[in-house]
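Shared between the two complexes below is chain A, which pairs with chain B and chain C, respectively.
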Partner chain A sequence: MIIGFHSGRTVVHRVDARIKLAALALFSLVSLRTGFPGLGLALAAALVLLAAARCSPLHCLRGLKWYLVLLGCIVAARAVTTPGEPVVAHPWLPGTRQGLEAGLVLAGRLLVIALFGLLVTVTTRPSHIRAAVEWYLRPIPFIPQQQVATMIGLLVRFIPVILAQSAELDDALRARAIEQRRNPLRRITHLGMPLLRRTFVTADRLASAMEARCYGMERTGHQWRTGTGDWAALGLVTGFCALLLAIS
Partner chain B sequence: MDIIKISGLYHRYPDGRPSLEGIDLTIARGSFVVLAGANGAGKSTLLKHLNGLLRPQEGTVRIAGVPVEQDLLHARRTVGMVFQDADSQIVGETVSDDAAFGPENLNWPAARIRESVDSALELVGLGALRDRSPHLLSGGEKRRLAIAGVLAMEPEVIVLDEPFANLDYDGVRQVLARIVALHASGRTIIVCVHDLEKVLAHAQRLIILQRGRIAVDGPPETVVLAAETYGIRLPAAIRLGGMVESWLR
Partner chain C sequence: MPNQPLDLHRLVLASLLAALIAVGGYIVIPIGPVPIVLQNLFVLVAALLLGSRWAAASVAVYLLAGACGLPVFAGGGGGLGHLFGPRGGYLFGFLIAAWVVGRISETFRQRPVAEIIGMVVGSLIIYAIGVPWLQMMFGLGLGKALAVGMYPFIPGDIVKIAAAYAIVKGVRPLLHSGRRPDHGRSQAEPAE
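Take a look at the complex of A and B:
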């Protein structure tokens, strides 16, 4: 799987993580209001930026292949369920033009958001994303931003471990002919209970290991270095979003 | 001189069975100690007392003269602990993030953290993998990362619980070589095992634990002869009348 941080020294890598997160949020909001021309422009921008970050756009699209299948389903569902004039006059192909258009716009928006999200994750160190989230949570009262940030980090770190454990358990169950069981509920409980137990044991060990490494309240914070390049990036993103809004 | 001093240590888990019954033990600065015992002998429980993960229910544990419960931070900074299960002690999303976790908790300035992380990763030979995701590492690399995470906090004593569990020959050699190098650089090493074969050649002192008590304690070449009495396999070379050879050769 390619979706994860790739280290590099490109312009996109160097932009401040806080600005990248803000830009992602802004793009996601703006793309909800754009039509075809705006989406085309945004798609082109995403692909150019991915290429600029030394991450082959083709490679990324391949990494998103199941997501693309899902988008295809959305288009098909929209095309079939929206009333309007048929695209082709054939009883077996019931799609309408209005439906197809609406589906394509929706899928285009989801694709653009996913590509920009991918761009941010590929070019930003997980620790910087974590620090950026921490920074944005800082002004909100009653939220222990450092703990939230650590939790996000642990989640990112342990999802692959839990997935690997469940795959291992599933194999072990199948090796003992669980597939002979007709009742799917039985299969789920047989997988779920040991998985939960293992997850709790892992969590328990993790807690001791973190304690042994002095995990506590006062931690060294992230050092932000914001230069003119970062402000320029912010300006460019805002301008681009304004352009997108203007042409839709 | 003695960096660790334990006297009259008792411990029982909440289910009531005693797990440590009157441990008296001192460990000299700079020594290489192997703590052996069958499964359930109480090795891990004893180790967890060295950095205050467990507090003495009876007796005292002093680290560099300070009782553990009096200054937990001191104990944890002096005694770095590498746990048996590498997967559940690696907390960072990348190799270098993980090594930085301890120093960040100590609230060190960023420049010092960078320096100690770099030298810890170099020491365990993971410098080239610093941006990798930990779950993509091999077993030996994960164990070495767990060691780096502890080294970055610059402890004087390094305690390793079953460091060779689940490692292949190459993995064992990678980890063993780092442990031996750390000892050579002046750190105190305590390694806990249930099988003596892999470390015995490097040990300066062998302690055998049985059912929560220290059964024998002394120079490896004499203590090892009693191993089988306490449920530990006698290394084959010794059974044949020879010496255990280092796995690094």
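Take a look at the complex of A and C:
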């Protein structure tokens, strides 16, 4: 399952996308220095904000299930490899207390950052994220920020196109009894090659269509409206990060 | 057509390949901390189809989109946590590998042997960055990091290199930007 934007009119949805991205970056940096109390607080804040954005935290955790497996591996690997006093005196369970703590802190940081990232993705329109990226790239020299923004916009729109074409081709192949083929390699080539040829031709036609319509880099920019709510959100996030730094 | 400074065909193609890298990451076969994904296959395809500059741009846009929190990383994740997480080394490795493979393909004018050697070099670059990163994250020894972060993927990589070569062979003639300008007119375009 892939989590994308969910439209809504909650407080979290209404915050300026630039502030959300800045908050995410700030938070990612601060979380590198937090310990257990800070992480607990941050986890609680992430879950409360997800609930405030009308996105069930349980649903989000299910979306991150492979990531959770990975985090479990980190904890296990750290517990086994870090030297220290053993948690349980048993030859089959070689984990140490120090290793377990280090692993839990690392996994907790990654989980909290992933949850905040998810919060931004769920509550921000891709077009707003694109505009915010463009806004942030503007002062950096030698980076064609509008080209980058166009590419991000196209990337976001190509993903569902590829998935839809793949589903369509899969149906067509099933109608032609592809399931009778025993060789899995055959089945993959029968699906993969036409799919790729089709998506590449679609992209090439799209480029021709854009060219025919004189698509250039002189675009009308996104109209930003930053209200007091946005500044309050920025202040809150900064205060929260300062608090996290203070208690760790 | 007037001189257009912007190469729209390459721009759109680079975006498509970035999207394919993302879709390649959705098909996850979890075998441990680093799952088997099709991302590196499309990184190699991007490098051969687009050349060094645009391939690196394509991967950079993919990483940027992921860093901004769009769900493009393996398993549908996104955010800085993934980018600097245990698999981050592979993601940055993609960027360098795309540039190097593209560069090799350009230097040797798309000769088949050079392209295949280039892809082998590219795959090794991905591991050269990904495995030490993984080692640092998990606190493992080099031998163990190689055992979870490289050895299980080598058979898959050989298949992926073969597949990437087949894809590029199949797709290159279809593309507008892949043709040489002097003999690349389609029937729909009248001779000027």
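To be clear about the criterion, the second predicted complex is superposed on the first by the 199 of 248 C-alpha atoms of A that agree within 3 Å, B and C clash if a C-alpha of one lies under 4 Å from a C-alpha of the other, contacts with A are read in each partner's own complex, and residues count from 1 in each chain.
FYI, a residue touches a chain if its C-beta (ideal position, glycine included) is under 8 Å from a C-beta of that chain, and two chains touch if they have at least 3 such contacts.
Keep in mind the model is a prediction, meaning the values are calculated, not measured.
Legend: residue contacts after superposition of the two complexes on their common chain; A:208 is shown touching both chain B and chain C.
By the touch criterion defined above, A:74 lies against chain C but remains apart from chain B after alignment on the C-alpha atoms of chain A. By the touch criterion defined above, A:186 lies against neither chain B nor chain C after alignment on the C-alpha atoms of chain A. Contacts of A:216 after superposition on the shared chain: both chain B and chain C are touched. Once the two complexes are laid over each other on the shared chain, residue contacts for A:197 go to chain C alone; chain B is not touched.
By the touch criterion defined above, A:62 lies against neither chain B nor chain C after alignment on the C-alpha atoms of chain A. Of the two partner chains placed by the overlay, neither chain B nor chain C lies in contact with A:174.
More residues of chain A are touched by C (comparison of chain B with chain C).
Once chain A of one complex is fitted onto chain A of the other, the partner contacts of A:127 are limited to chain B, with no touch recorded for chain C.
When both complexes are overlaid on chain A, the residue A:33 reaches neither chain B nor chain C.
In the superposition on chain A, the residues of chain A touched by chain B in one structure and by chain C in the other are 4, 126, 154, 156, 161, 201, 206, 208, 210-211, 215-216.
Residue ranges on chain B touching chain A, taken from their complex, read 48, 51, 53, 73, 76-77, 80-81, 83, 85, 87-94, 97, 100-110, 113, 131, 133-135, 149-150, 153. Across the complex, chain A is touched by residues 1, 4, 6, 8-9, 11-16, 18-20, 22-23, 26, 28, 30, 32-33, 35, 57-58, 61-62, 64-65, 68-72, 74-82, 84-87, 137-141, 163, 166-167, 170-171, 174-177 of chain C. Within the complex formed with chain B, the chain A residues making contact are 4-5, 7, 125-127, 130, 153-154, 156-157, 160-161, 164, 201-202, 205-206, 208-216, 218-220, 223. Chain contact summary for the complex, chain A toward chain C: residues 1-4, 21, 24-25, 28, 63-64, 66-67, 69-70, 73-74, 77-78, 81-82, 102, 106, 109-114, 116-118, 120-121, 124, 126, 129, 132-133, 147-148, 150-152, 154-156, 158-159, 161-163, 192-193, 196-197, 199-201, 203-204, 206-208, 210-211, 215-217.
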